[in-house]
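Common to both upcoming complexes is chain A, partnered first by chain B, then by chain C.
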Partner chain A sequence: MKAIRASFFQMTMILRRDMMLFVCCLAPIPAGFFFRFAIPFLESLLTEGFHREAILSPYYKLMDILFAVLSPALFCFVSAMVSLEEADEKTAVYLFVTPLTKTGYLAARFGLPSAAAFFATCLLLPVFKLTALSPLILFLLAAGGALQGMIVALLVITISSNKLEGMAAAKLSMLTIFGAAIPFFLRSNLQYFLSPLPAFWIGKTVLQDSPLFMLPALVLSALWICVLLKGYLRKA
Partner chain B sequence: MKLKHLFFMDMRFQAKYGFYFLYAVLTVLYVAILHALPRNWTENAAAILIFSDPASMGLFFMGAIVLLEKSQHTICALAVSPVRAAEYILAKTASLSAVSLVVAAVLLSAAGAEHFRPALLGTFLSSVLFTLCGIIAAAKTASLNQFILRTVPVEIVCFVPAILHLFQVTPAWLRYYPMNVCMDMISGHSVSAIGIFSVMAAAAVLFVFSKYRVLKMWDSMGGANL
Partner chain C sequence: MITVQNLSFSYTKSPFISDMNFSVSKGEIFGFLGPSGAGKSTLQKILMGMLRTYQGSCQVNGMECKNRTRHFYENIGVDFEFSTMYEKLTARENLQFFASLYEKKPRPIDRLLKMAGLEQDADKRVAAYSKGMKSRLNLIKALLHDPLLLCLDEPTSGLDPTNSRLVKDMILDEKAKGKTILLTTHNMQDAAELCDRVAFIVNGRICALDSPRNLIMSKGAASVTYTWFENGEHRASCPLEQISSDAQLKRLMAENRLQSIHSSEPNLNDIFMDVTGRTLL
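After this line comes the complex of A and B, so read on.
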């Protein structure tokens, strides 16, 4: 545990040097203000301009999901970038043979940032949410978001072996988050083609206000994380 | 000749690191999105997709490209070779613009756009501007996170006015803003000679600045000033 803590603080030092720590900690707040105030303002402008009753408001629940995933995605994305640098500079392989071990390294790089993001979301989402979400859904949404952030980061480091591949993988893995939008836009059974994505079930949970849908989201997230962890540990 | 070799080397580098695979996947996805949208939305959606992804890929990926070249010591080799900074920049710009043009052509066909040639020219010009901005930001960075952070203001300055301009909510004088001119071309609106001139002038200024940044980067390679 001591090694994991030390490794986590070492990463925060790197992020502080790049100013990224500052951005990570602060960015969800202006983003929250944007979601909470700018989007309803835009909605009023758009509905007036296009003479329609609602344009963005039917998707406010989706905005809440995106905000719930924002902090974890941000925290885990910057951790993934640090891991890519460490893989390129070969420092990661040296860390694996220290008391930190491979799993400790992953816990320091992705476990702790996800946990921090979970707490940040639990604090910020009730303040900046656009729709009425029950405390249970809020909690589950924060948990689902944290796991989704971890999946994105693990995808990046598992399928790529250098910075450039990492950026390409980041672009692709971020798309998994948009699985949450599918239940909002695709009402036919065709939507279930994307049901292996945990984000799809997070979308269904919020859209139908049914916490039961979080069960497949959590099970699928665990499966994705297990498979990706296995893949990374085999590769590293 | 050196430029041709650099161009093909860059293309091999991009192919090796999964660039083309990524854009093949993204193109399929974008075409699916365009087909799923109502018919009257597709042209604007295609313009936004082209402008925000294939055209701007140089800005998004340049940090990773330059940092990988630094860690593989390719830049040290280039710095002592007869290759000139201008050739290095032109090869990168041309190779990334080529990918942008192919992806944009597919998206324009999927959207059923009739203004094919001006849209491709707009894609090419915006790709050049974005790639040059990417080189300027990447040449001085030491880590990916630092690069990502540096590109955020560039993205805001480039994307926000252009997307607002597409929906005609910007003041009239902003139609000469280089990014808005490019967006006009991609979305099939007519552009004035002054607009084209502003894009060319922006490209020239960015080229000169990126050349200065690349030379500085080459000079500082190896831990000491050469």
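After this line comes the complex of A and C, so read on.
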């Protein structure tokens, strides 16, 4: 545990020296203000301008989901970037032959940041949410978001071999989050084509206000994480 | 300290390391010599617990490498051939971080930096270090937690003669403290100077294993080559142990007609080529 803690704090030290990554970690706060205040303001402008009752408000639940996934996705993106830098500098290989070991390394780089993101979401989402989410849904959303963040990070480090490729891979990986939007826009059974994405079930959970839909989301997340971890360990 | 029995390993269907057997005692410097791709790095990875799908037995400090726990690494220090430092951090910050991973109390960082001649550059970012400085820093990083076993991969590679001497002295100091050292190198001179025993590895097999001196003595005798002038320059040689029975040499010496004379001892490289039929590089 000592090695995992030391390695996690080492990552925070690296972050303090990298402005881009540091800003990424703080981004959920200004984003929260945007979601909470700018979107309703925009909605009032749009509804007045187009003389419609609602334009954006039917999608407020989707905005809450996107905000719930934002902190984990950004935290884990930052971890993935640090991890890719460690792969470039070969420090990761060295860390594997210390008491940290590969398992400890994964815990320090992806486990702890996901846990931190979970707590950050639990704190930020009640403040910045646009709809009335029940405490249970809020908790599940934070958990699902943390797992989604881990999936994004593992996708990035598994399919890319340096920081540059990582940036491109991150953009692609973030697309998996948009699975949450499908139930909002596709009402027919066609929507199930994207059901292998955990975010799809997170979308259904919030849209239908049914915590049961989180079960497939959690199972699928675990599967994705297992497969990606296997790929990463084979590569590392 | 290390016991390897019937070790086999494969990345694909065909065996990469086959039926390897050797042991290394506490306080010994054991060298792995072989051309690139011979299996030295793979063997080191197995010994460091990084590759665990091998057959046979491979024990380090009494622990089977495939069953290693995190405590296994408390007593192993690894110096890879390449730099494994955080480039954006200073040498001191790097060493402080790596020391914090171990349960053991670390060796004093300033003393280690001084040993490696890096005390003036301790607070410089590693990115600004030369290759030689990085190499020395890598070595002291492996010594931080005072491990019982050191795995060193080409520790003198890319160093100038002065720093190479410094590194070799540091290795010999560790041996004097009773540490066991595994040394992988292409440098035959280093191997001959530092190692108590060496193993020649080719195609995943150990072709020869003994002390450098025994290998040299068993495979080839020293010879004496001499030249003289007699209707043009002539050259002849004879084994060193038969020098007294070489009538021609005796005659030339008596007549003071020798133009040159020198002895040549086989070195590890000659023995390696003799045993394996290959060069090291």
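As a convention for this text, the second predicted complex is superposed on the first by the 229 of 236 C-alpha atoms of A that agree within 3 Å, B and C clash if a C-alpha of one lies under 4 Å from a C-alpha of the other, contacts with A are read in each partner's own complex, and residues count from 1 in each chain.
Just so it is clear, contacts are C-beta pairs under 8 Å (C-beta built on N, C-alpha and C of every residue); 3 or more make two chains touch, one makes a residue touch a chain.
No experiment lies behind these values; they were computed from the predicted model shown.
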| item | value |
| --- | --- |
| Chain C versus chain B on the shared chain A, clash or fit after superposition | fit |
| First (chain B), second (chain C), both or neither touched by A:89 | both |
| Which of chain B and chain C A:165 touches, first, second, both or neither | first |
| Partner chain(s) touched by A:7 [first = chain B, second = chain C, both, neither] | second |
| Touching partner for A:185 - first (chain B), second (chain C), both, neither | first |
| Chain A as apex of chain B and chain C, Cα-centre angle in degrees (nearest 10) | 80 |
| Which superposed partner A:100 touches (first chain B, second chain C, both, neither) | second |
| Per-pair minimum CA distance [chain C against chain B, superposed on A] in Å | 5 |
| Contact residues of chain A, present in both the chain B and the chain C interface | 14, 18, 89 |
| Interface residues, chain A side, partner chain C - complex | 2-3, 6-7, 10, 13-14, 17-18, 86, 89-91, 93-101, 104 |
| Chain B residues touching chain A - in the complex, by the definition given at the top | 17-19, 21-22, 25-26, 29, 36, 60-61, 63-65, 67-68, 71, 143-146, 148-149 |
| Touch list for chain C against partner chain A, complex | 48-50, 70-71, 73-74, 76, 78, 80, 82-89, 93, 97-98, 100-103, 141 |
| Complex interface listing, chain A residues touching chain B | 14-15, 18-20, 23, 78, 81-82, 84-85, 88-89, 160, 162-169, 171-172, 175, 185-186 |
